[in-house]
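Chains here go by letter, A, B, C and D, matching the order in which they are written, and residues are numbered from 1 within each.
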């Protein structure tokens, strides 16, 4: 078999998609092996989030909803950790409700590894300052049940220990919650807005993954949400604002390069399209005639 | 670090790259191994969650033992569902389906008209011209309203599109594609952060780096070798 | 929120107008169902493409992969089940192999049983119950990405001629659509949220946009009474447009929040 | 008694009844019915969890058939059944918080779940590289908007091209949001009409009636 020589323009139009995959691997792993440290800027929406969290007072009860699997946590990690540093610093009472079964793994990592030293430093204690309720929200039905009669629906924490005698005694319905902070991959829990915000008027802020951002912005504009932190980038900006560098800022080099790579591939594809595909088609048409 | 944790980290890195071989576009034993491992463990987890979740089976049984009669119908309806597997008696499960479905519909329909229709319309209705907000505010708000109206006119199915409607629908279609471009880019940002975050998990602390890069190379070489020998598809699952 | 136009003692504040809208919608739908004449309806390319795609599979002797999503019963899942029934019917008649990956979510177990039932009954109706194979409807765990790995595994191994992926698919949709593209299958999809839709519009051959999916059951049924209900969707879209325009004019020109108050009634 | 379960009318009535129980108390002040409806949602949540048994049963049956008939890749199915059973047994006997269970989760489930989620970055880039070609004016609009937002999102761009922010935000916050909003409005009417058709007994395939009718 004689292989036909492929011109550069033809390659640009018809290259194997797997090149894209290989190069993406390289541009992401590269800056991690040797970091570049590119600069970033802070957006208005992140400032708004910062202000909303700063406005909370010591002792306020916050529903801390994590509708994320372990993989989604990779994207939400910067925002989640930075926000929790702020909340812990303020002495806000948190009850963590997991909206995904893998949330257990996330909670383990966050409270037993990532934030452990920070919590110790601020004397922030389990059972007194925060409680993890576990997979309380498998579906909308259970969200409704939990927020209409909290004491009847939820009796124990994630390890089966009774929550009687804790700050959760103060919660009867969704109206007793000061604010909802939602970290979501979007697939998690639609019940929060429908059945808590709309019904009890509880304010809610949300850190969605990039995919759920347009929907979150529409809800922000409709005043169903009070603030939106955009994906990992928002998280990195928040780290920058609170002067606590974390995973977000480390990610940003690879993040920039990944974006540029795609733009370059789009340009290559279009050069190929106009230089080869379109001309080929024109030639085909003339031959048929 | 103890040996078990160390093993877990190294194995996790290796199995992750086996999972990535799906990008190669051909069936291969490394992918099949990762796939079946994942299916097995994920199913086992599903079973455990159905048992231990806040409204899981165990919850109902414990409630019943405490004497809460509300769980009697729950358990009966749940068991009726099991008759699905006997074709002869599968009709018994219909009550459970009709029940769950009725509840889902009732609760779904009661708020959707507010969140998705009324609140979205009222959020669009604002005073377009507020002198202190300036011209940019006017442009932004007008764009939102015009975009919604023209795009919606593109999605009218039961009248023929002609005259002014054609104009509006065409503008709407262009706006929709522009918006798609913007939204696509946002989505890409999300996906990229996920992948970068995932890789970060494997690259830090720094001692993981040789394992990660080693696993990536090892998997890549095995894959190429298998494919060259024609064994990749042969050894994969059916 | 604006001050409501009126308060009705037995109805909670702000919910009256929603109720009115729903009741009117129900009445309109029932009226339309009595229609005798087939109304004008624009062609929906993605739905029309289903016949061709399955036909292509039959000719090439390749299977067709259909999925209905990973979630609980929602409008999109119900619509996707209608599409599944439709494809199963053609497959049963033309002896084309049908593969339906199931599972993917904790609330999808009940849906799975329903889907099995739908496909099986189409084979019975076609008079070929013996050709129905439940193992072609594999349960791929209740975990979203385990399901995805199983799904893409099936695509790579079975090399289907067409993938029809509708219903409540979330982020895994792009994964599946691209893999399907990579193996050369015609890919027909629908998005259930905006960003998904934008990505799928790029990744698939045909896509059902916006409310084309919920209308699919009616469209494919080719029954006059069902198709006629699609008109109600249009009436409500028109209503939304009118409310927005009138509201904006009243608000900007006359500084009146009448429409907002009406909507908050 | 079988007539009760077989009758289409009765099943439909059950559906409509429970629909109304959930639906009506939202619109009229009737606390006792609302409480009743709340309890029903708890029941529904439990019922859903029972069905895992059937799903797993069908997976077992499928794998066993592969093994019995020695079909291609049957060994993987043996592995699947063993690993799955082992994990379920560990879960039930030692509990979900035991090291062994957590080890399996952190070694297999979390990395692979991240892989199949993270892999989307690859698929998005290839979809982008393949589909973002200016085949028509519409596609050109899509590409230009996409590239502006992509450029802005790269955090480095802000440092040397700060002027891009308003353009990108205009596209995402106004057009992107308008699209989301239009989507919400358009889809909800479609969804409600579909539910209406079901409640009126037009789309009843989900109850499995076609089989009996044959």
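Basically, contacts are C-beta pairs under 8 Å (C-beta built on N, C-alpha and C of every residue); 3 or more make two chains touch, one makes a residue touch a chain.
Because the structure is predicted, anything quoted here is derived from the model rather than measured.
Shared contact partners of chain A and chain B comprise C, D.
When chain pairs are compared by contacting C-beta pairs, B-D ranks highest. In whole angstrom, the spacing between the mean C-alpha positions of chain C and chain D is 13.
Taking the mean of the C-alpha atoms as each chain's centre, chain A and chain C sit 27 Å apart.
Rounded to a whole number, the gap between the C-alpha centres of chain B and chain D is 6 angstrom.
Mean C-alpha position of chain B lies 16 Å from that of chain C. Within chain D, the positions touching two or more other chains are listed as 26-27, 39, 41-42, 44-45, 47-49, 51-52, 54-56, 58-59, 66, 96, 105-106, 109-110, 112-126, 128, 130, 132, 143, 146-147, 150, 153, 172-173, 176-177, 179-182, 184-187, 189, 191-192, 195, 198, 206-208.
Among all residues of chain C, those that touch two or more other chains are 15, 18, 22, 72-74, 106-107, 110, 113-114, 117, 139, 141-146, 149, 171, 179, 182, 193-197, 199, 201-202, 210-211, 215, 230, 233, 236-237, 240.
Chain A has residues 17, 21, 24, 69, 71-72, 74, 101, 138-142, 144-145, 153, 210-215, 218, 221-222, 233, 255, 258-259, 262 in contact with two or more other chains. Under the stated contact rule, the graph of chain-to-chain touches is complete, every pair of chains being in contact. Here chain D touches chain C in the complex through residues 26-29, 47-49, 51-52, 54-56, 58-59, 61-62, 65-66, 109, 112-113, 115-117, 119-120, 123-124, 126-128, 130-132, 176, 179-180, 182-183, 185-187, 189-198, 200, 202-203, 205-208, 210-211, 214, going by the rule given at the top. Across the interface of their complex, chain A is touched by residues 34, 38-39, 41-42, 44-45, 48-49, 96-97, 102, 105-106, 109-110, 113-118, 121-122, 125-126, 128-130, 132-135, 143, 146-147, 150-151, 153-159, 162, 165, 172-173, 176-177, 179-181, 184 of chain D. Only residues 4, 7-8, 11-13, 15-16, 19-20, 22-23, 32-34, 36-53, 55-57, 59-60, 70-71, 73-75, 77-79, 81-82, 84-85, 90-92, 94-113, 115-117, 120-121, 123-124, 140, 143-144, 147-148, 151-152, 155, 173-189, 191-192, 194-199, 201, 236-238 of chain B touch chain D when the two sit together in their complex. Remark: chain A residues 17, 20-21, 24, 38-41, 43, 69-72, 74, 102, 104-105, 108, 138-142, 144-145, 148-149, 153, 159, 213-215, 217-218, 221-222, 233, 236, 252, 255-263, 265-266, 268-270, 273-274, 277 touch chain D in the complex.
Contact residues on chain D toward chain B in their complex (touch as defined above): 2, 5-6, 11-12, 14-23, 26-27, 37, 39-59, 66, 71-73, 76-77, 79-88, 91-92, 96, 99, 103-125, 128, 137-139, 141-150, 153, 168, 170-179, 181-182, 184-189, 191-192, 195, 198-199, 206-208, 212.
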